[in-house]
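Per-chain numbering from 1; labels A, B and C assigned in written order.
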Amino acid sequence: MSGLKRWQKDSAWAALALLLLLALPLLDPSRVVVDFIIRLCAVGLLATSLNMLVGYGGMVSFGHAMFFGSGAYAFSLMLQKTAVSVPVALLTAVVFCGLLAAVIGAICVRLKGIYFSFLTLAFQMLLHSIIITWTGLTGGDQGLTGGIPRPVFIGIDLSKTQHVYMFSCVLAVVCLLVMRLLMQSPFGYTLRMLRDNEDRAAFLGINAWRVRLYAFILAGMFAGVGGVIMALFVSGAFPDFSYWTMSGEAVFMIMMGGIHVFTGPVLGAALLQIFNDTITRNTQYHGLALGLVILLFTLGFQRGITDVFKGWRKWLPAANKGGH
Amino acid sequence: MDLNALFECLGSMSCIVTQTSTGLIVGALLFLVAAGLTLIFGVLGVINFAHGSFYMLGAYVALSAYRITDNYALAAVAAGLGVGLFALVFERFFMRRVYKSDVLLQLLVCYAFILILDDVVKIVWGAEFQSMGMPKAFQQAPLFIGGGVVPVFYVYLMAAAGLIAGLLWFILTRTRAGKIIRAAAQNPGMTSALGLNTRLIYASVFAFGGLLAGLAGGLAAPVRSMSPGMGFSILIESFIVTVIGGMGSVSGALLGALLIGLIRSFGSIGFPLFVEGIMFLAMGLILVYKPSGLMGKGQS
Amino acid sequence: MLSIDKLYKSFGGVSAISDVSMEFPEGSLSAVIGPNGAGKTTFFNLISGGLQPDSGEILLDGENMVGLSRNAIVHKGIGRAFQVAKLFKSLTVEESLRAALQSAFGHSAQMHGSFPLPATRDRAHEVMEQLGLQNKADTVSGNLSHGDQKLLDMALALVMQPKVLLLDEPVAGMGPDERSQMMDTVQQLWRKGGLTIVLIEHDMDIVFRVAQQIHVLSYGKLLAQGNAEEIRANPRVIEAYLGHAQENAGE
């Protein structure tokens, strides 16, 4: 493997992962596993795209779920209200998220630290309010119910779970690979420079606002894809997808899995899901248990699992404590 | 959205009086919570995301105290003191460890406590909605001011809040400790620079903030039903208030709280589902155009 | 070559720099000294674009730098190393330099291709060797010793091929051995030619030993300028330093 370039290695790993995922239902066809992985694809994209901002960019967004929700709604609405094919609906959803991120990002990215965080939260909750109020379009706080039409395309019938499973896996792995390549590109390193020392980066001629905006838009688009997968999974879109608790869970996923390793967030997402499922099966005091686990990680480990294994120090990207 | 209803209300004195009094109550309670939050942020540089849970605890402690003593005033005081004590412990054993850490860690520690406390409340008091009920002293006929209906309790509540605000003003402007805290709230790093006992100041400010939030929870108990998870919305609103008023500014918190209170009460007539949206819009506008808030740094 | 003419800067009514004019001939090695608070770092900030002067001119090869942004000034040829090294702590030495170069080549927002770009290799290695950092190429910047961090800081400025290099207290925080090593490095750099160096320094031994021209600032004003002998003998300079008796102009 040593003669290969990094992008070739990354692609090889991605292909391998995809093969394993596609083969899995043949080994263990249980619905539980299949559902788990589809859901993991959705939230894994949410968490990884968020980490583009938090881990690589030092931009702590509290409102990232707004793109997850937007993707879900845009996709579902396109299919419910128009006669487009699934790929077109997917594309529309992604473009919509990109445009939304461009507008919101242009405003937010100018701010730093905690102000950036709060403003992203404000936008997310504003979007949430719009979703809840505009009942005609979005179904209000009931969400978009009635299911999503799934016209067959190139032989793929998304009304069958196996097809949804394969579609989600391919989509997720491809997106993760693209995000990985982006973070290993010159652009990705410029992001890191801005995270580590914005001042110096300015002296080197880097336009911070522009680079951060690009990162924000990209992250938004990938979160949107996650939303699309979620919409397929639950057959609809719900206001909770754009609520602060969704963003909060995403933050916890990346904290738990590790910010400094690319696959950390996905691992965190998987762990959180396993944990949630286990707890809800064994006790009604889900909050108590989850809270204690979070304390263990934050006060005990003070970093995510993959960070521990890679020997990262307790240093986290300086996201301007308290805005001071 | 029912903007017609809103305009009708604005045209009617009785409606204006009713809604304004509701708005002032909401604002007053929100002020107590936000004041603590903004002081904690200003002095410690930390955002206490668990602040809403302090409010919730206050409500429940007051509930139990009232059930035992049948005395509302005592219950409210117990709420304040109890939560203040809890805040002290919380700061000492948990928050203190993450002062120097990233905001994310602080956020998560607080989030963990929110989850834990919600379940603790569920275990101790039960998951159903509970209510203190109106104490006998306030079970009188409402006042009619300008044709509007104003429950007697509201008047007492406003008076109590006013008294506390006045006390707060007195402490912050006339006592030495208060002046230090006020200065520190607007000038981060000042306490250590001046060689003051930072730990003591941090602990006191945190405990004081908790006390105010708990007090607010207790005072509100007669008119708000309580349930585990009630802390979320008050937390979000007090954030909005703090940002709008200016982080670190108590007078800003007052201004912001009254504003939000009125938006809430009038908004619930015209656009009940979108009230939160409007509040976040206001917060967003402030962040973009005047991030330091309406009364931010440079003014007291 | 770098010509400063009647520079003024005040902050809210307090004058920080007033009526300062200096000439830095091409290829020279000069020092700017003065007691603490004299305005030396403010002066550097003004020249490198970190601050805009209230009035006055900063001419690099005849072209006025006033009003240009930090980026633009860097591209014109004024490079700066900082008193406290400003590094990209999570990147290795080599990564930091190559990342700086990719920005110089205009590729900072390039999303295709893999970092580091091949075009950035040669210059980065060249600078690492010039400063003796080639053995630490793969060390994470945050893990470098203090002296190496200062070297990397200088490297980040050098890698942009500046015409003028501003060094803000290059030996601050170093013991005597490290100091002479650092100054040897600086002199080597200078002797290779093509670089105009301006130092801010408190260590008088170093200043008198290496600087061709010395400019003395006090309370934001130019007190004296000349070579080492002239400055050493200048009574007003001595008085300015004695007046700040707490200031250790050496150690």
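As a working rule, a residue touches a chain if its C-beta (ideal position, glycine included) is under 8 Å from a C-beta of that chain, and two chains touch if they have at least 3 such contacts.
Keep in mind that this is a model prediction, so the values were computed, not measured.
*Asks:* Between A-B and A-C, name the chain pair that shares the greater number of C-beta pairs in contact.
*Replies:* A-B
*Asks:* Based on CA centres, what chain would you say lies at the far end from subunit C?
*Replies:* Centre of mass proxy via C-alpha means gives B as farthest from subunit C.
*Asks:* Can you identify the chain nearest the overall CA centroid, using each chain's own CA centroid?
*Replies:* Located nearest the centre of all protein C-alpha atoms is chain A.
*Asks:* With chain centres defined as C-alpha means, what is the inter-centre distance between subunit B and subunit C in Å?
*Replies:* 51
*Asks:* Can you work out the whole-Å distance between the CA centroids of subunit A and subunit B?
*Replies:* 33
*Asks:* Roughly how far is subunit A from subunit C, centre to centre by C-alpha average, rounded to an integer in Å?
*Replies:* 43
*Asks:* Of all the residues in subunit A, which ones touch at least 2 other chains?
*Replies:* Within subunit A, residues 317 contact more than one other chain.
*Asks:* Quick one: which bits of subunit C touch subunit A in the complex? Just the residue numbers, please.
*Replies:* 48, 70-71, 74-75, 80, 86-91, 95, 99-100, 102-104, 107-117, 142, 156, 160
*Asks:* Residue numbers of subunit B touching subunit A in their complex, please.
*Replies:* Per the stated touch rule, the residues are 1, 41, 44-47, 94, 97-98, 100-109, 111-116, 118-120, 122-123, 188-189, 236, 239, 243, 247, 271, 273-278, 280-281, 283-284, 287-288, 291.
*Asks:* Quick one: which bits of subunit A touch subunit C in the complex? Just the residue numbers, please.
*Replies:* Subunit A residues touching subunit C: 5-7, 181-182, 184-190, 192-193, 195-197, 199-207, 210-211, 214, 315, 317.
*Asks:* With touch defined as at the start, can you tell me which subunit A residues reach subunit B in the complex?
*Replies:* 54, 60, 107, 111, 113-115, 117-119, 121-123, 125-126, 128-130, 132-133, 140-141, 244, 248, 251-252, 255, 285-288, 290-292, 294-295, 297-299, 302, 314, 316-324
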